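One chain, chain A, appears in both complexes that follow, with chain B as partner in the first and chain C in the second.
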Partner chain A sequence: MKKIFALVVIILFSVFSIYPVLYVLTVSLRTDQAFQANQLNFFGDNTGFQNFTRLITETDFLIWFRNSVLVSGTSTILGVTMAATAAYALSRYSFKAKRWILFSLLTTQMFPATMLMLPFFIILAKLQLINSFMGLFIIYASTALPFCIWQMKAYYDTLPIDLEEAALLDGCSKWQVFYKIILPISSPALVITGLFSFMAAWSEYMIAAIVLQDPALYTLPLGLKSFQASLATQWGLYAAAALIVSIPVVLLFFMLSRYLISGLTVGSVKG
Partner chain B sequence: MIFQMKKIIYLLIFSFSFSFAKESPTKPVQIQIWHQMIYSHREVLARAITTFENSNPGVKIRATYRETEELRSAFQSAAMGGSGPHLIYGPSDQVGPFAAMGLISPLENELPTEFWNQFDSLAVPVYQDHRYIVGDTVGNHLMLIYNRKIVKNPPATIAELIAQAKQYTIDSDKDSKINQWGLVFNFTEPFFFVPWINAFGEGFLKNQIEPNLNTTATQAAFTFIQDLKIKHKVIPPECDYEMANSLFKEGRAAFIINGDWSWGDYKEAKIDFGIAPLPQNEVTKLWPAPLVGTKGYSLNANITDSEEKKITLKVLQFLTSEQVQTLFLAEVGTLPSNLNLRSQAGVKNNAQLTASAQVMLYGQAMPMVPEVRAVWDSLRKHYQAVLGGQELPVTASEAAQLDAIKQISNMNNVTQPGLQAKLISGLLIVILILLSFFLLRRFPEFIRALRAQPLYWAMLLPSLLIIFLIVVYPFFYNILISISNFGLRTFKDWQIIGLQNYVEVFSDFQFYSVLLKTIIWTVTNVATHVAIGLALAIFIDQLLPFKGLWRVLLIIPWAIPQYITALTWRGLFNQEYGPINHFLQTWFQLPAVQWLSQPFTTFFACFITNVWLGFPFMMVVALGGLQSIPQSLYEAAKIDGANEWQRFKLITWPLLLPVMIPAALLGFIWTFNNLNVVWLVSNSGEPADQTHILVSYVYKSAFNLYRYGYAAALSLIIFILLMAYGFWFVHKKSLKEKTSI
Partner chain C sequence: MNYIELKNISKKFSNNQVLKNINLNVKSSEFLVLVGPSGCGKSTLLRTIAGLETPDSGDVIIAGVRVNSVQPQDRNLAMVFQSYALYPHLSVYDNLAFSLKLKKVSDTEIKKQVLETAHFLQIESFLDRKPKALSGGQRQRVALGRALVKRPPLILFDEPLSNLDAHLRQQMRLEIKRIHQQMNCTVIYVTHDQVEATTMGDRIVVMKQGEIIQVDQPTKIYESPQNTFVAGFIGSPEINILSGEFNNLKMNNIEIGIRPEYLRIQEKAGYQNTGTAVINYIENLGSHNLYHLTQNDVKIRVLQSPVEGASVGQKIPLYVKAEKIIRFDAQTKMRLQD
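For the complex of A and B:
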């Protein structure tokens, strides 16, 4: 009885979570570039895969895709490396300003992002990083950093300190302890942190729009937006692209869902 | 002094910055153009550019597309940072703001008289004695477009329009859902509304600049649209641009009111359409006056190098030349601005262009002054309130007028620095000195710590430095702006003025009502996220088979970019064709809800969207927490005879709390600051600006109304509120014991 109830609830919520995606799918299959669909209609008169083929053959979709992979991948590696090390220091080393640093990391999440656009632009212009991936690497890695550090620190905090003490007694250096012992057993948290940074970079639009001005450097969200004109959006192309954009992330989630559960312990239990 | 302070801060920040090798001078000159041409036009532009590049080997042109609003804000940021494209292409109404900010250069002395003489005067408008734009096309105006399959003779008068629209509004299967509409258009948007005001008397502006909304004409026009919706029932009660367009493209609407830009779209959808003027008011004998403007190129004021400027002007002349206009005419059928071309066969024999040129005769020139934005904005607010039934036409026209005047004065009012400014900047300098003094005193201690634990510091410092650069610097920059008079009229020479912006925020009643809405919004959202996430996690973890399957299905909303889902949900909530109403009607026999035109239901729609986006995160966090609870605890409890509820209350809940609380705190911050959902689902605060939360309110005042100083003050207030909340939350004793924050 309980199980049936649970099953019904779960099925309802699964429908709830999938339906909008199916809706996007029908829009992508329509050939008239319109957005409103009467109902979920997969096999109407004007449905077909034209939008998908047009996307690949007529637009720069593949270039955007490559750029996005490059930008998100690099910022993720950069961000995770920095977060993993900084968080370890914050977890194992206690010093006066530590509480203060931790709290200010949290506060960086509190500032309305839209107001950061103009200063971002000015910094990047002064550093001559406009129109280069380097600018994006730095911004993406650093805006994701506070959350990643928090996340990693919470995970390190759950690891028993005895392990490291034993290794130190065996003659390992501190760096060796971190690199050879702590890092490998932290892989669930590393994977999750990476996934977060990747997702944030993958779908980020506003910063990319001010940094990248050359269409050859466009990332996917920028490319997608170019189908959108204020009164003449190419909805079919937009929806088709949106689905393809979502696939890698869904796949990543799918492959990593094992880690997802064990790695995500936002500020978990003490000791 | 203030300028110096800015400089000092820059120096502080950039003293450790690094510079890159300059580009070598032998590279070809690159001219950048930012434009907002729609999809089909971009291809023509690309061809024109190739032609130019082939005959001018030393020059490369790079054209970048930006959506209209995007183009505006991106150009503003870029030009402020001292760079930006050489040329910017857009509608003439952006000329006023750009000229006021000093971002574009006057062109009249840069180009010869013969050049200017070849254009229709509409294409080269004069703004405050200068010419800032050269248009390659004229029009951009609304007209009545009809489906020839349905309509034989277009109406000449408003009465005829209503009669025909009634005739063509058909519910063929008698299910009380209309299958074909008489008239569709984006009627909630002022741009589609103001032409009608002229048909009932005077126009919406006086002398091209002052708002003229408190008139009987405005009131009559309000009533006219309301009647179309409620009395005659010939337009869909909820109809945004996308919906109107879809209906017409599917052949399910007899008439649509739309602009010349939409023709290509309808051709592609194989609709046989005709064009007519918006019909005359048979009582007043007046015609609706659609706004007629131009689209064209303007020169970035940052281009000062004479060689660069010469080439840029050459490109500009080429792109507006007869040759290129001929190409556009042939490929996408735009009405050329070149007079010579206008008299040639290509235009004269084109039925659509002649009809469209006919419609233009009734039009009014698109105003260019920046103040118009304030007029649009206040009109939108009160007009939508009339449509939603919250205001009467008489009171709304008066209120719209007062609002417009107030907003214009906010926009143009420049507070000059006084004594307070000196005090505040003095105070800032003192704080900076004290801070550096404090840091310097701590420096030896820091060095000692560094010596003691070099590894830890090496691990920590790179992150701290980069966060400082990217996150902390903008923060201080914002503090400066928030005490300055940075706005439309002071774009390039803003000064510190003191706390006026803060005073203004706190003395505005709307701030408190938006704050209240934001708090309600955040609390209900986070509570729902946590409740659903927790319930699903427990069901999946403890009761069901195929755990992996459910997990993946339920995580999907999290994995899809937010801006896509927000727009999708807007479609789902559509009154007429959205699946949600369809579902309510067929399964529960409920009447269709106008979700997106009432403040409360719009808020509810945003809420559902955000629940959809937010519950997977909480679910995953809860699943993680559940896994760390040892199974043995449950077994022990079972032996002790604890029932299901007791086991939840005594084991699951307390052990999950430490995981859920920080997640809830983060969720709280994210939801509080989530611009995407509210902005996109409610179409930037519609109806009538009643669905704002604080961040969307900030966004609007900064980018729509050019009030940067005010917006910065508001965002600092948001920040301080959240920080205080976070501080209180983290320091609550009971929580401190349970979590490690």
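For the complex of A and C:
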């Protein structure tokens, strides 16, 4: 009886989660006129891959895709590199302003992104980084940094200090201890931190909208928004693009799930 | 010749004085054991020698050179940790080869040295495995191998056997002694287990609250403890420390120590009768029994081969080997000379 109940609950939740995805899929397969249909029709007179073809051939979708990969990838590498090193220092060394730094990093997470938009815009304008990827790299990496530092620090705190001391006695310098021992065994935390940074940058719209004004520099969220016109939104193209946009993130999740599971359970059991 | 000299070493963590003016010499090729209860400073002293802690004052001299400001990697020593501290992302082979690679030893020489060490410790069959695929005993051997592969003149052990079961611990005790004899290196070994200390050490250093209480050979420490703390800490079952009156000995301002094996509940040549006692409890230790007795409200332990018919509640005569009685000053707790 318990099993049947569990099964029913699981099925209900699955339907609840999958329905929006299936709906987007049907919209992407229909013409814009058929968008308002209520049924989940995958096959029929009005269905086909024309939206996907138009997306690739008639829009700048591939350019936006490339831009998004570049922006998200670079800010992830920047952010994770800085978080990994900063968190190590905060985890392993004692210095005067340590508590203050950790607290202020936490404090930055209390402000909503909208509140930071104006200062970001002013800073980037002064640095002449409006309408450039460099501006986005800096903002994405720095906004993700506090959370990433806390996450990496929490992981480093669970690593036994003996490992580092053993490496020192084996002949490592402190820098070698970090990159030969600590970094390789921190791969679960690095993967989670990287995934978090990547996803945040991949789906970010508001900051991209104030930094990027040239359509050739648009990232995917900006490109998708451009399908929305004042009189008619091209929902078919929008849905097709939305599906393709989600593919890299889903693929990353599948590829990194091994690390993800071990990373999420880090510190929960001894040894 | 002294390989290590520690001169006036002191170390404080916050307000806690962990090491108090430690002076100690360790001879070349000696197996020296630092023993004491938790928090006595033995591990801090070992880590100070390794360079993992810096003393607040005093000198650490290794092979005639003052090494206070020398980095751990340049002190030419190896250390085996309680947690083994094996690199989890590297295979056993790579764990052993790690220090040699850092020294830029050639690949062929690394292979030769790793295989020699693996053969010596009988770990050749799992060189390809990662540490997580090994048992506790195997990990301990790999940790030993990682220390030995460098052929260091000094090896430091920080409670290396405390995570093993009793059987493995005994095996590894012999293994470490064999390594010491064959490698002829200097060993400093930290333990809180007095059995390890007495069975392994050429000399034992007994520590308490950051101070060295006594340094001597195991037999001498056992037979002639400097104070009641050493007497109580070294020896299992624990020594009987008695005050008041015992064996017609009026103990004004003195306490006496008598090891359980020098007491008997049966008459035996060389033993004097010292009244009667009541058996409270009998512990079966296999070849011997430990009899817990009470005499005039004083608790006494007697270790001897099982006595037929002896049972709890029974009143029995008590005998003592009088020349083995150790006398201590009741105030200072220091041993009084005979």
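In the analysis below, the second predicted complex is superposed on the first by the 244 of 271 C-alpha atoms of A that agree within 3 Å, B and C clash if a C-alpha of one lies under 4 Å from a C-alpha of the other, contacts with A are read in each partner's own complex, and residues count from 1 in each chain.
Keep this in mind: a contact is a pair of C-beta atoms (placed from the backbone, for glycine too) under 8 Å apart; a residue touches a chain by one contact, two chains touch by 3 or more.
Everything quoted here is computed from the prediction, not taken from an experiment.
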item: Chain C versus chain B on the shared chain A, clash or fit after superposition; value: fit
item: In the superposition, chain B vs chain C on chain A residues touched; value: B
item: Touching partner for A:Ala167 - first (chain B), second (chain C), both, neither; value: second
item: Touching partner for A:Ile181 - first (chain B), second (chain C), both, neither; value: second
item: Following superposition on chain A: angle at chain A, chain B versus chain C, Cα, nearest 10°; value: 140
item: Minimum C-alpha separation between chain B and chain C after superposing on chain A, in Å; value: 13
item: Chain A residues within the chain B interface of the complex; value: 2-3, 6-7, 9-10, 13-14, 16-21, 23-24, 27, 32-40, 82-83, 85-86, 88-90, 92-93, 95-96, 101-103, 105-123, 125-128, 130, 138-139, 141-143, 145-147, 149, 154, 157, 174-175, 199, 202-203, 205, 209-210, 213-215, 221, 224-235, 242, 245-246, 249-250, 252-254, 257, 260-270
item: Contact footprint of chain A on chain C as seen in their complex; value: 50, 52, 71-73, 77-79, 81-83, 85, 87-89, 98-99, 102-103, 146, 150
item: Residue ranges of chain A in contact with chain C within the complex; value: 160, 162-163, 165-173, 176, 181, 184-185
